[in-house]
Structures are given as structure tokens and as C-alpha cells.
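Below you'll find a set of structures to go through.
Shared between the two complexes below is chain A, which pairs with chain B and chain C, respectively.
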Partner chain A sequence: MATDAHSDGSSLAFHPMDQFIIKPLFGDGDFSWYTPTNATLWMALGILAVVALLVLPTSRRALVPTRGQSIAELTYGFVYKMVEDVTGKDGIKYFPYIMTLFMFILTANFLGLLPMAFTTTSHIAVTGVLALAVFLTVTVLGFVLNGSKFLGLFWVSSAPLALRPVLAIIELISYFVRPVSHSVRLGGNMMAGHAVIKVFAGFAQVAVISPIAIAGVVAIYGLEIMVAFIQAYVFTILTCVYLKDALHPAH
Partner chain B sequence: MATDTHGGEEMASVAEQSAGMPQLEFASFPNQIFWLIVTLVVLYLILSRVALPRIAGILGERQGTITNDLATAEDLKAKAAKADEDYNKALADARAEAQRIAGEERAKIQAKLDEAIAQADAEISERAAESEKAIADIRATAVDNVREVATATAEELVAALGGKADAAAVKAAVEDRMKG
Partner chain C sequence: MEGDIAAMGQFIGAGLAGIGSGAAAIGVGHVAGNFLAGALRNPSAAAGQTATLFIGIAFAEALGIFSFLVALLLMFAV
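Up next is the complex of A and B:
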């Protein structure tokens, strides 16, 4: 990221971070909180992608599924099983919320891989809100469902008594670091991958190393396809793990 | 993506202000957060109202259909086994019936045959009796004839030898010889 050298004079121009700039869709210059921007556009495209993935192919409700319907069913089953396995049977009622998170991140990550696209999940503002929402929901839910017993999450009853206060401090810190790691993991991964692709693309301006640079772009693009899925998966499964803590706080 | 570098001057000026990372340009946060919340709410409504109940319905329906089909298959299998059993039973019955009818016919034919044989036997014995009687008659007649001829011959012989034939003595002699 430090390679963002604006060497306008030289022939080699690197602007790896320009792809993350938020601009208004119509006109230039300033924008307020409600102005439709490129972030708005790509979030809306994400919604359309979810509709195209889950709603349209299932409209026929075929008993023997078509290819599209199979994909929708597999996606549903994948997240449903994840919630059921990690959170347990009583976590199933939060499945629609988790599915919303997963589908939003998945479509945003994959749409961001299209050339010229804008990756909404590469912004810490977006991932931070997602992570904070999970953090606050889990904390509130933990206290509402378990009362003060939720604090047992920080009191490791299986450890020796002398160690427990120390462990409680560590647990407390790790608990409050969760939203930070949760959001930075996703945002950082998306931003870094896209920036690296851009740097390699910048090197392609030099004829001598352009074959290597383009091969690098292809290789990292493949890696990013994997990362796009894995990060959506990791974010979702961690949400499930945190939710499990709220439902069953016992260590 | 590479063509993006020809972005123009105004883009570069925007990047200049952000000191490298657009992610840390806090002025854009309210806008992103607002649209993120709008997106999440819309997405949640689409998923929870349309997509998820529909897919859950499809999966449940399929599960039900599979269970039903399996039950029907089980049922049909039992029916097929029963039909096979019935067929075998009918076959055995028919075989037994055929056996019975054949036995009956055989018995009937045997009875008729026995009757015919008995009748034939009776007829034969009757005829044999008749023949025997005829033979006996013939033999009796023959013996009488012999006696007459012998008596007559004996009388003639006696007469020819010059004697006087004593009819009673000749008769007694003939009787005596015929016994010997």
C-alpha cells in the first residue's frame, strides 16, 4: 500500500488504491450521506445477484431441480447446516440473519472481482458496521437470554482459582477485540488482494516484464476467487461461533 | 482493470486528498453506512419473505415426496409378492383339479370297461354252456347210435353164423363191451 507513489512525471504510474475511491454516480465532487455512489451501485447489484441466485431459479418450485435451483438449494443447505452444526438447534431461528450476512458478503466479494468493479467489502466502514452489528447483537442477546450468567463466559471455572482473574482479563480483551479482527480480516483481505492485482497490472506497462506481470495477475486473480469465498465463509462461521457463545455462555 | 490507470486528472486529485487510503476517508463513512443498512434491510426482507421460505418449502416437499414414494414402492412390492403367491396357489389348485378330473375319468372308464368285460364274460360262458350242451347231445346221440349199430351188427353177425339171435343177450353183451 505504500507503493502508492504518485510519480506523475515518470512513465510508470501506479494507482493501486484508486479503485477504492468512493465517487458519486452522477456528477463530480462532494457527496452527502444519501447521495448514490459507486458503493450504492455495487450494493444494489449485489441485491440483484442474490435475487438472480436464490429467487429467480426457484420460481418454478420444481421437484426435480434445474441447475439454477440446485445452486440455490445447495447455498441454502450450506449455510443452514453451518448454523445448525456450529450454533445448535436453537440457533436456527437466527438463520435468516446469518444468511443475509453471508449472501451480502459473498456477492460483494465476487462482484468486486469483475474488472472495473468496486468492492464494497474492501471498505472498513462496511465491514466494521457488519462486525459491530454482530458484536452488539451477540452481546445484547447474551445478556437478554442468560442475564448475568452471560458473564460466565469470562470466568473460566475449569481453571485454578488464582488464575481466573488473569484469564478473565484476557477473555475480556479478546471479547472486545472480536469486532476489530472480524472486520479487519474481511476488509483487509479484500483490499490487499485487489491492490496487489492492481500493482501487478501496473508492472504490465513495462514491455519486458509484462508477461510475468500478466501471469501474476492471472495467478492472484485465481487466489482472489478462493479468498472471496473463504472470507465470506470465515465471516459467517465466526458469526455462528459468537452466536453460540451468546446462546450457551458456559465455557 | 489496467485501463483504469487512464482515469484522468480529477481522479488523481481526489486520491491526493485521501492520503493514500480511501478506506480511511471518514467523510465517505456516513454515505457507505447508510447505503449498507439500506442494502442489508432489503436483502433481509427478500431472503426472509421470499427466498428462504420458498427453498425450505421445496426441500420439505421433496422430502415428503421421497418418503411417500418409498412407502408406495413398499406397498407395491408387497402386492407383487401377494400376486405371485396367489398365482402359485391357483396353479397348484388347477393342478390338483386336473389330477382329480383325470382320476374320475379313469375310474369311470375302468367301471365301463369292467362292465363290458363282465358282460362279455357272461356271454362267453353262456355260449360255452350252450356249446357244451350241444356237444353233450351230440355225444349222447352218438353213443346211442353206436349201441344201435353195434346191436344191429351183432344180431346180423349171429344170424349170419347160423345162430338164433337172442335179442336180450346181444343187448347185454353190447352194453358190457361198451362199458369196458
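Up next is the complex of A and C:
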């Protein structure tokens, strides 16, 4: 979002949305789809962080786990329990996809909190692809596993017969809004938090209110650490909820 | 100054869209408050419902984020 900088009419030394500009890594000038940009760099760093957190510590497994192995096992168990609780036993088959989503979003959110870092998940383009992949997977899976019975998701059989067509339209709309809200929730939350930090940092150049502004930056940074985890958790658990709808479409 | 009426409309609209964030805050507060009220009556059942709590908060919060998105679109995209 906001890939164009608007520096006009602003009294701040920098614009709070400047941090979301996508730049090519090497040189400057126009770029095409294969140019490595700062988004590419931070996504690659996110994947490296996942490897460093999960693959390397568990490569030499010990009966008494080291600190790294404990972290990897706790993370694995946390996501496994979440999938099992929400989707039930038959949803465990899809655990690798959900674990991948969770770890990618979590590391992208936390790496974005480093100073001068680029938050890949603050762009609707990134979260939109993640949410569309979930939406397509769940829809195809629902039709493959249940056939035409999947349409029963929209036909609320517990409602009075006269109300069912109206409810079907509402259910249909809410089904197709899912990828929009799914992606905008993550992207919007990350972008809003980072923009607020930059706005407070901009206030710090006024000498009178700078101590308050710096304290505000610290406080919001603490909040953002919490938000980074909660939004990854929410994205994952909503994926589980959508998956449960595909596995058991009975309303 | 004649051409600034459209820009004024953009900023007023973005400010009005900000009301939606406050409304979403009321919704999230309702979800969390009612969860706490229920959890204090039956603390043993509370741990199993935290996932439901976060789903409820996420749904209430999504509409606030939508209004924020409308404000951003008015400020930067229109």
C-alpha cells in the first residue's frame, strides 16, 4: 500500500508512510517483476529465520532438549494443538500448510519490528496472496471432499423456510468477503501500527514534547510486539476455522 | 483556493471514516468484557474458549480496519 510518497503539505521531516515504499536493492531506477527489492530481501530473511528457528535446532535431536530445540518444539506443539482444537482430528492432514503460514507471518511481523526493517506483511499485495491462497484451497477442498453438499454451507437448514433464501444471499456475500477481511486485517494492522510509531517519532523533533513522544514510541513498540504475535495467531486460527467449514459444511 | 474543495472533501471524509475505528473499539471492548464476565463465573471453562475470544475480537476488529482502509484510500489513492 501507499507505494507513492506524498511529501507535500506535511510539516514532518519524513512522511510516516515512507517506510512502506518498495525500492530496488541494487541501484535505483525502474524495476520489473524479477528485480530484487527490499520486500524480496525481508521475505528471504523471514524464511532464513524460520530455518534458523525450526530446522537447525531440531536437526540434532537430543532427549534433553537444548534451548533452541525447546523453542521449536513449543512452537510446533502450539500450532498443532490449535489445528486439532479447531478443525478436529481430520484437519491434522493440513497441519503443514497452516504451520508454514503461521511461521512465515510470525517471522515477517517480528522482523518488521527491527529498526530500519521493511515489513512485508504490511503490504496488501503480500497478505492478499496469502489470503487468496487460503480461500482457493478451502473452496476447492470443500468441493472435492463434499461435492455438492458443500453448498449446504449457504443453505441454513435450521432457519425457517421463508428466511432461507435471504440467509443464503447473506452467507454467500460473507463467504466472498472472507479473503478481503482476512488479508486487510493483517495488512491494515501491521501498516497502522508502524505508521503510528513513525508519527510519534516525527513528533520527537519538537523539543517541548519530545520526551513524551519518545515515551510514546516505546509504549507503542511494546504494543506492536503483542500485535505482531496476535495477528499471526488470528490469521492462522481463521484459516483453521475456514478449513473446518470445508471439512464439515453442515451448518 | 478553488481547486481545494475536493481535497477538503477527502480530508473530511477521511476524518469521518475515523469514527469507524472508535465504533470497532466499542465492539472489541464488548467481546473482551463479556468474555471476562463469563470467565470469572466459570474460570475452569475459560481456558478452552480463548480461541473463540480471539476469533470474535478479529471479526469485530475487521470492520474498524475497513474504515481505516477507507480513510487511507481517501488520503492517498483518490
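The rule is short, and it goes like this: the second predicted complex is superposed on the first by the 238 of 251 C-alpha atoms of A that agree within 3 Å, B and C clash if a C-alpha of one lies under 4 Å from a C-alpha of the other, contacts with A are read in each partner's own complex, and residues count from 1 in each chain.
Here is the rule we use: contacts are C-beta pairs under 8 Å (C-beta built on N, C-alpha and C of every residue); 3 or more make two chains touch, one makes a residue touch a chain.
In this text, all values refer to a predicted model and were calculated from it rather than measured experimentally.
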Partner chain in contact with A:R185 - chain B first, chain C second, else both or neither: second
Which superposed partner A:I237 touches (first chain B, second chain C, both, neither): second
Touching partner for A:M43 - first (chain B), second (chain C), both, neither: first
Partner chain in contact with A:I21 - chain B first, chain C second, else both or neither: first
First (chain B), second (chain C), both or neither touched by A:M82: second
First, second, both or neither for A:F104, with chain B first and chain C second: first
Touched partner set for A:D90, first chain B, second chain C, both or neither: neither
Which of chain B and chain C A:V129 touches, first, second, both or neither: first
Which partner, chain B or chain C, touches more chain A residues: B
Overlapping contact positions on chain A, where the chain C interface meets the chain B interface: 1-2, 4, 6, 17, 191
Chain C residues within the chain A interface of the complex: 48, 51, 54-55, 57-58, 61-62, 65-66, 68-69, 72, 76
Footprint of chain C on chain A - complex, ascending: 1-2, 4, 6, 17, 82, 85-86, 181, 184-185, 188-189, 191-192, 230, 233-234, 237-238, 241
Touching residues on chain A, where the partner in the complex is chain B: 1-2, 4, 6, 8, 13, 15, 17-23, 28, 31-37, 39-40, 43-44, 46-47, 50-51, 54-55, 58, 61-63, 65, 69, 72-73, 76-77, 95-97, 99-100, 103-104, 115-116, 120, 122-126, 129-130, 187, 191, 197-198, 201-202, 204-205, 217
Chain B - residues contacting chain A, complex: 1-2, 4-5, 7, 10-12, 14-16, 18, 20-25, 28-40, 42-44, 46-48, 50-52, 54-59, 61-62, 65
